[in-house]
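After this come two complexes, each holding subunit A, first together with subunit B and then together with subunit C.
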Partner chain A sequence: MLKYLLAKNEDIPAGSSAIYFGFSAIIWFVLGTGLGAFNASKLAFPDFVTGLEFVSFGHMRQVHVHAVIFGWISMAFAMAMMYITPALGNTKLWSEKLGIWNAFLWNVGLSLGLTVLWMGMTSGREYSDFPWFIDLYIAGFMALPLGINVWMTIINRRTQGIYTTNWFFAAATFMLIIVFIVGNLPEFFHLTGLTEAYLTWWFAHNVLGLWITPVAAAIAYYTIPKVTGNPLYSHRIGHLHFWSVVVFYSTPAAHHLMSAPLPEWLKSFASVEGVLILVPAIAFVSNILLTMQGKWNMFVENLEVRFTVTGCLMAIPLNMQGGFQQTRAINWYIHGTGWIVAHAHLALLGFSTFLEAAAVYLGLQTIMKRKLYSLTLGNVHFWMLLIGFTTYWVSMTIAGLIQGAGKIYEVPYIDVVIAEHPYMIARWIGGSMVFVGNCLWLYNMWMTARLGTLIPAGRMPHELAYER
Partner chain B sequence: MAWTWNRAFTTLSDDATVEKSETLWESETLGGLTEDNNPIPVPVVWLVALTVMTAFLVTFPLWGQRPTAALYAPYVDLMDKPEVVAAVNDVEAMKVLLEISKSRFTGHDIEEATRHPLSMDDLRIIRPQIQALEAKGVDLKDFTVVGPNVVIANFEGNYRPDGTRIRQQPWWDKGYTIDIFYLAYFFFAVFVIVKRLPPNTWVPRHGGH
Partner chain C sequence: MNVNFREYKMGSRFFALALGGSMTITLLLPSFDIASVSATDIAMDKQLWAGHETGFSLDDPLLLGWHKPVKALIKTDPKTGQAMEPTSVYVYEKGAPFPGGILHPDNLGVVSKKLSLEVGRIAEASNKDGAVFLVSSNDQKQYFIENATATRGWTPEDTLKAAGDENVSHAGAGKTYFVREGCWWCHTLLPEQTQDWQVFGAPPMLGDFNGESPTAFGSDRKAPDLLHVGSRNASREWMMLHFFNPRLVQPHSIMPRFDYMWGPVDAKGVKIDYAKWRAEYNEYTEGKRVTPPEVPMYASNSEIRSLIDFVLTMK
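Right, the complex of A and B next:
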């Protein structure tokens, strides 16, 4: 891939940047979940690797979180945009060269960012932990080039209409840049106090709400109709989904601070909007599941459909939790507990990961014109991910309820730690399963690139039988 | 792209625009993908309506608020009563205190007090703070109890004639009002966008099928 950095745009094969982004995403997923499993082992077995500052939990947690959000999830999104955006416009990517440079600068910037976090240089603000110069780098050299490529590809499309997926891609890349610049203002201008707290959670909420959630959903709008061959059930529900994300997801940041001395009217406003997050969720889930009509056999038979529908189904508990856990009465109980950690993983490792894994599976096979090397390994990956994640989610939810009870009834902290210990071990087992599954995935995709059966032009990967 | 308002609940586009949209819809494949023109299903409409109602009901400003200093004032006044002092331990003392305080509670205070229980030790910590406020003659409902501290509540209501500000959570606040504004323009905008499409009774034929 590096040889294309200095090649002419016309000499770069179509899809190269998507392949670069795709394999980078999988490698970051392996690293990110490996770090997560390591961190979980420190919580399950507190004497595991002690005395070294750079592998202490406080350093490693941030590296894990940012490796999966900006390495795995965001690079998988970029991969999907690099091949889906032009496909939906019946055109080529506006600039493969910009895409290659984008992927290269993304890897460089992320490596630098994670290194400084590892060294202990951090803003100390959750989810926006990167120091200010990394934030500017991300906005200028990672998000902006991605946005330019997506917007220009859509502008230069050969269709009159714009498909639902591309509405989300174009809007989300724009909103990501805004979120990064505005959300990090406390670092650029040393804002403190409530302003810093509010903007910290405005950033964290909107990275989820205006980047990860809509782009993951947009991918499903492509994957399901593309693989099943069914038309998208309803263009109208697509409108309801898109505009409800814009209106209801962009506004509830204050519901992360229900116990902070923010104005109460702002909390009331944000809390109502927080429940209304269910509106885009209802629209999304109903549209995808209704599109599956007549093709439910593919939920069993086809790997990409199985990943996508599973991710889509996870949107139901995700949004039920998200909508109600932020209300004053429930937040009082679960705030600051493992429940929130479980919920965050349901969003990122459950809902979002399953949708974009489908896009990476489908995209890499389609672009490389090679059928998946091993369906068995693909199935093992799916089940390792699903069982591992579910183990993690259930155990952390229970641990969170124990912590909530301990908090409310003022149980001595050490007693709470002892009570939740079995669930910390279950968390480690679940996280480790996800890590092992991802290692198998990397191997499978590497072998697909080398030895996968060639797919004839005009055919979809799932239309071909496995030859081995 | 002309508008028509004669059949607003069917379509807001005139016949020529509808025909043009239908032709484009059927002739264009977006990377091999097509879309149907199905209406938003009735259960989905009901679910959205239920969500909106639920959103306002479960986030009602009075749910989940911190206890006010006024809620604990009856306890503070009565905690030196002989029957409380004579209790065998603090747990029993608190039970007695709750029982004899009931007559002092008004409205829903008894439910509030049950939702925000506290121990005799808690009471001993906040007692001097509440007594100091009572001595000043301020409205105790303007103060909330946050852990061991009695602090001025985080609300900014209207001014009283004496220039002090009412610090009490209203049953309806301006956050709610803004939400209604948001919802109104959201539903109006989505209605207009969706109704600019061809009528939902029209079924597009994809690839001639």
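Right, the complex of A and C next:
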């Protein structure tokens, strides 16, 4: 791949940047979940590898979070954009060369960013932990080139309309840049106190709401119709989804700070808007599930569809949970407990990861014109993720409820720590399954690139029989 | 180039309207509310001991506690040497950047700003020479920041000499380590408004954060809230054992060991043999020893000293 950095744009085979992004994403996925499992082991067994600054929990936790969000999730998104945007515009990617450079600069920037975080150079703001020079790098050298490529490809499309997925891509890349610049104003201009606290969560909330959620959904709007052959159930509902994401999901940042002394009106407003996020959520889930009409056999038979639909189904408990946990009546009980960690993983490891995994599976097979090396390994990967994640979610939810009870009945804190211990071990085991599954995936994809059955021109990967 | 975005003009405009409207409601409007909050005496105290920034900044890029102020308790007047009521002062040596309230007095709120400028003479404080600050109040209990270098002629050097090392708290550097070491991934700094009163103490008020950066509230609580930990437990010895290895005082704790913050040598300048300590501790946990090994006394310029200073400052 690196040889293309200096090649002429015309000489770079179409799809190269998607492949580069795709494999980078999988590697970050392996690293990120490995780090997650390592962190989980430290919460279960605090004396496992100890006494060294650079392996202490406080240095590693944010590296896990940023590796999975900006390495795995965001690079998988970029991979999807690199091949879906041109496919839907019936054209080529505006610039493969920009795409290759984008992926290269992304890996460089992220490695640098994670290294400085690991060393403890942090802004001390959750989710915007990167110091400001990395934030500027991300906005300027990671998000902006991606946006330019997507926007230019859409402008140069050879279709009349713009399909829903591309709307989402174009808007989300734009919003990501805005969120990065506005959300980090406290670091650029040294804003302090409640302004800093609030903007921290404005950033965190909007990275989730205006980047991860809409792009993950947009991918499903492509994969399901593409693989099943059914047209999208309703474009109107797609529009409803799009507009309600922009209007409702961009507003409830304050629901992350319900117990902080923010202005009361802001918290109430956030709480109401947070329930309204159910509008895009229901629009999305129903649209995808209705598109599946008549093709439900593929949910069992086809790996990509199974991943996508499972992710979609997980969006139901996710958003139900979200909508009710942020009302004042509930939030005081579960705020700051493992319940939220479970919710966060249901969102990112459940809902979003499953949709992206489908896109990466489908995309890499399509672009490399090679059928998946081993279906068995693919299935094992799916079940390792699902069972591992479920173990994680159930154990952390229970731990969260214990913590919540401990909090309101004012149990001595150490008793809560003791009560949580078994669930910490369960979470570690579940998370490790995810990690092992991902290692298998990396192997499977690598073998696909080398030995996968060639797909004849004009055929979709799933139309071919598996050989293994 | 075939730019046929035309039919999407309306869409783009609506998009700008929606996103702009959302940002107006969620950023612009609250910013008026938050900007109009006056700093409480707690906020003044906090920003004066923490200094300009306790996260990443160019003055302290590796979060090693460079260019941080100290809080000191003095019992004699640094200038005249006469005995006086014990007073807390905040000492900014040359080059230590001032906190938000000094640089942007608007941050303090209307009344405090006026008093700080007119009575406290904070505008005269200079980063080049350093300065000594106080939190003072007038007879109406209105708090303001006083630049004691201008009003009383106290220089940083004299003040530090008058206080002596045992009365100096490096809480600002300690907060920096708190951020660097990720204590806030387990400990919150925000007792909740609903139910934390009894154990963790009173939740903070609207104006308690002015000038603080980062606030590091924390969102996942796996351990006790620390905003008022100094009033629950003020024992330096307990903290020392607990940071070296939490399992010495709390066998079920999941807190990591922070023994590496002792640095290479102990208070007497003797090299600390960590490998030996850990081996002996393992023997202790396996029941081969009756008592755990002694925790070395930290050197007065070690990181752990500042961290404990910080914890004990959180009253």
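Please note the rule applied: the second predicted complex is superposed on the first by the 467 of 468 C-alpha atoms of A that agree within 3 Å, B and C clash if a C-alpha of one lies under 4 Å from a C-alpha of the other, contacts with A are read in each partner's own complex, and residues count from 1 in each chain.
Just so it is clear, a contact is a pair of C-beta atoms (placed from the backbone, for glycine too) under 8 Å apart; a residue touches a chain by one contact, two chains touch by 3 or more.
Here the structure is a predicted model, which means the values were calculated and not measured.
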item	value
Contacts of A:243 with subunit B and subunit C, given as first, second, both or neither	both
Which superposed partner A:276 touches (first subunit B, second subunit C, both, neither)	first
Partner chain in contact with A:441 - subunit B first, subunit C second, else both or neither	neither
Touching partner for A:392 - first (subunit B), second (subunit C), both, neither	neither
Which superposed partner A:251 touches (first subunit B, second subunit C, both, neither)	both
Touched partner set for A:337, first subunit B, second subunit C, both or neither	second
Touching partner for A:266 - first (subunit B), second (subunit C), both, neither	both
Which superposed partner A:329 touches (first subunit B, second subunit C, both, neither)	first
Partner touching more residues of subunit A, whether subunit B or subunit C	C
Footprint overlap on subunit A, comparing subunit B with subunit C	160, 162, 243, 247, 251, 261-263, 266, 269, 332
Contact set on subunit B toward subunit A in their complex	24-25, 28-41, 44, 47-48, 51-52, 54-56, 58-59, 61, 63-65, 154-156, 169, 173-176, 178-179, 182-183, 186, 189-190, 193-194, 197, 200, 204, 206
In the complex with subunit C, residue positions of subunit A that touch it	42-44, 46-47, 50-53, 56-59, 61-62, 119-126, 131-132, 155-156, 158, 160, 162, 167, 171, 175, 178, 182, 186-187, 190-200, 202, 243, 246-247, 250-251, 253-254, 256-257, 259-263, 266, 269, 332, 335-338, 340-341, 403, 407-408, 410, 413-414, 417-418, 421, 424
Complex contact set, residues of subunit C against subunit A	1-5, 8, 11, 14-15, 18-19, 21-23, 25-27, 30-31, 33-35, 37, 43, 47, 52-56, 61-63, 100, 107, 179-186, 188, 190, 192-196, 198-199, 203-206, 208-224, 246-247, 250, 252-260, 274, 278
Of all residues in subunit A, those that touch subunit B in their complex	84, 87-90, 159-164, 222, 225-226, 231-240, 243-244, 247-248, 251, 258, 261-276, 278-279, 282-283, 286, 290, 323-324, 327-329, 331-332
